[in-house]
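One structure is given here, and the rest of the page talks about it.
Labels run A, B, C and D following the written order; every chain starts at residue 1.
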Amino acid sequence: MAIRKILLLVFILVLLTGCSTSVGFKTVNTTDIDEQQAETLLKEDKRIKNAVMLIHDDRLIAGLRVNTFERFSKRKIAKELSKELKKMYPDLKITVSADSKVLLETNKLIEQENEQNYVKQMKKISALVKEET
Amino acid sequence: MVNKRGLLTFASNPVIASTGVTVGPLEMKKSPFSKYADKNYDDERCGLKTNEQGHAKMMEDACMIALSKLDKTPSDAEFVLMGDLVNEMTPSNFAASTIGIPYLGMFSACATSVSSLLMAALLTESGMAELVVAGSSSQHNAIERQFRYPVQYGSQKGATAQWTVSAAGVATIIPHIEGAPIITCGTIGIVTDLGLTDPLNMGAAMAPAAADTFKRHLEGHGSTVEDYDLIMTGDLGKIGFELFKTLLDRWEYDVSSVFRDAGAEYYGKHPEFLAGASGSGCSASAYFTEVYDKLLSGTYKRVLLIATGSLMSPLSYQQGDTIPCIAHAVEIQMK
Amino acid sequence: MLSIFITSFIVGGLICVIGQLMMDVGKLTPAHTLCTLVVAGSILDGFGLYEPLIDFAGTGATIPITSFGNALTHGALAEAEKHGIIGVLTGMFEVTSSGISAAIIFGFVASLVFKSKGTI
Amino acid sequence: MDEKKYQQLEQQITPKPKYLKNCIAAFLVGGFICFIGQFVALFYISYFDFTERTASNPTVATMIFISMLLTGFGYYKKIAQVGGAGSAVPITGFGNAMISAAIEHRSEGYVLGVGGNMFKLAGSVILYGVFSAFVVALIKTVLVGLGVVSW
């Protein structure tokens, strides 16, 4: 009985491994601000596994996924990066979060490629991030 | 000189004329004793609204069955002595109110089956009664909820935990006639408390009481283990029964296969029921089914029944008190 | 995304093992065990250690009862940060009410629908 | 036979709990409940406006709902017999404590029975949770006020 349970578990885990998609690093910029600086900042941070960044209008949203054992301090990492980005782009409203919801939503937004939606959705994401503290 | 305290001897040879046993659905499925039972129910509450009402109904049906086997009605019986484990024994009270026989509530926890039998024999012996009904019962849900947790609450039970049976066992006692098992003597137990406090290991708490009563009975009535075809304890369960046998072994009694425990055997030693069965219906329904039938058929000539009870309440063990225990013994012979 | 499932399983399982050891070795009743764990959760949050655990293990840290103590303390601390000492009293149930309210509501619904059964 | 000797004998004969087996069972059952919870949380994150953090509220509520069904149909008891703390420690066990008490005491009526007894088992968890939270938060607030630690 126990063996069957474990087998089932392993099976589920294997399934999950197959499904899990890794988005890598992705940046979309609809403004003429230079995004290179931000991109390298995220890419060179070894703690970060995946990142999706969207710059539109006067907003910058970055959804991060950190390495498994860095998750303990993922809030701190997000805060740190947020500060640095603020330094780089003092004119933008910056939202950085390591919450997978932000990553998912931002990614979805980019994949929809509907620019009219951007402002509304980006506001919503920022609001979600604020709500949780 | 042999100490005669607590010993009873019945010179007039009162007999158990008939028995009535009702069991719940789970017992019907899992218990080897249930094949001797007179009635079983598909529903734990016997189709009634509450567990306690079902409990009373089981008791009442058992009484009616025992009486009907003698072609008697409740109005023929002089006394009814019975008890259970619910607060203030309300199921027995309600059952007594329905059948309308003069009633004495008996409480010795799970030893009620034997204590009521002894009292019934005494009433008959004294000449005050021609027909006495005696018995006890328990119902799993009602007891579980009172002594432990709600029935559906998930708590892991250890190997010492016992399962309260849903069953009622009743016997009718009349003055001597031929061809019925005779209640020859008995021993009233002394409350024994060796300082155990775990309410989920009652077998261990009760074992010394059973051993004490056993020793006093054998010494007081001058018998030996070899005289008996069966020595059956009530609801010690597997662990309590082990302890009981160990104690007797230390006192240099011959612990042979004549020793059995109703609680340990009640569910066919099924591991799901852990240490076995308990409850005042356990000993009653085991004694008044298999043991009584085998006495009638002559398989057993002389048996000693020692029912054990732990006299605690949820209040007492939560206040940190120990578990006082009692055991009563009755000797039944077929001549 | 995947690793959260594994960490959740392991951390949640380990908290339960602690509970099991308290029950088996420490001979505590389930109620005592749960109370101790709740208190432990609230103390951990006092040191700011429980939130990182939630970030690491997701539901592995929010489903065990320890999170209940954590959430109560967290609510109280968040309010205290804003309103000072009075916030300790007022903020307590800010975060956690969902567990208790769900248990109350579903408990009542269950009492309407189900009957207890003594089968094994 | 005196008390001490008997208690020693009792200790000898009473089987010890199977520590290792119980712990493994608790680990698997408890871990599995959290694992299921993670699926539920993922569902709320993906399809509703919940972040990882805020999703824990609906997740807990959903787990208690599942616990209600398992309790009502009599399965939770069986899981608990195998899992031990693995089923008692997760929030589903808290739900089970309240729900089983509510079901059990319906026979005494909805106000005195269900209402009065629902918190019979779970009440102590709420009490100690609230009280310890109060003490911890109070100490921390005072310490912050004194400048010993920061938020």
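Note that a contact is a pair of C-beta atoms (placed from the backbone, for glycine too) under 8 Å apart; a residue touches a chain by one contact, two chains touch by 3 or more.
Just so you know, these numbers come straight off a predicted model, no measurement behind them.
**Q** Can you identify the chain nearest the overall CA centroid, using each chain's own CA centroid?
**A** Of all chains shown, the one whose C-alpha centre lies nearest the global C-alpha mean is D.
**Q** So what's the Cα centroid distance for chain A and chain B, whole Å?
**A** Centres of chain A and chain B (C-alpha means) sit 70 Å apart.
**Q** Just curious, how far off is chain D from chain A if you go by their C-alpha centres, in Å?
**A** About 34 Å separates the centre of chain A from that of chain D.
**Q** Any idea how many Å lie between the Cα centroids of chain C and chain D?
**A** It comes to 7 Å between the two C-alpha centres.
**Q** Distance from the CA centroid of chain A to that of chain C, rounded to the nearest Å?
**A** Inter-chain centre distance comes to 28 Å.
**Q** Where in chain D do residues touch two or more of the other chains?
**A** Residues 17, 22, 28, 32, 52-53, 71-72, 74, 83-85, 88, 93, 99-101, 103-105, 121.
**Q** Indicate the residues of chain B shared as contacts by at least two other chains.
**A** In chain B, the residues touching two or more other chains are 51, 145, 150-152, 155-156.
**Q** Going by the touch rule set out above, which residues of chain C reach two or more other chains?
**A** Only 1, 4-5, 23, 30, 55, 114, 116-117, 119 qualify.
**Q** Can you name every chain pair that touches?
**A** Chain-chain contacts present: A-C, A-D, B-C, B-D, C-D.
**Q** Would you pull the chain C residues touching chain A in the complex into a rising list?
**A** Residue list for chain C touching chain A: 1-7, 51-53, 55-56.
**Q** Touching residues of chain A toward chain D in the complex: what are they?
**A** Counting only chain A, the residues touching chain D are 2, 5-6, 9, 97, 99-102, 104, 124, 128-129, 131-132.
**Q** Residues of chain C touching chain B in their complex?
**A** The touching residues are 23, 30, 114, 116-120.
**Q** Given the complex with chain D, which residues does chain B contribute to the contact?
**A** 49-52, 145, 149-160, 194-196, 201, 204, 208, 239, 242-243, 246-247
**Q** Can you tell me which positions in chain D touch chain C when the two form their complex?
**A** Against chain C, chain D makes touches at 17, 19, 22-23, 25-35, 37-38, 40-42, 52-53, 56-61, 63-65, 67-68, 71-74, 83-86, 88-95, 98-106, 110, 114, 118, 121-122, 124-130, 132-134, 136-142, 145, 151.
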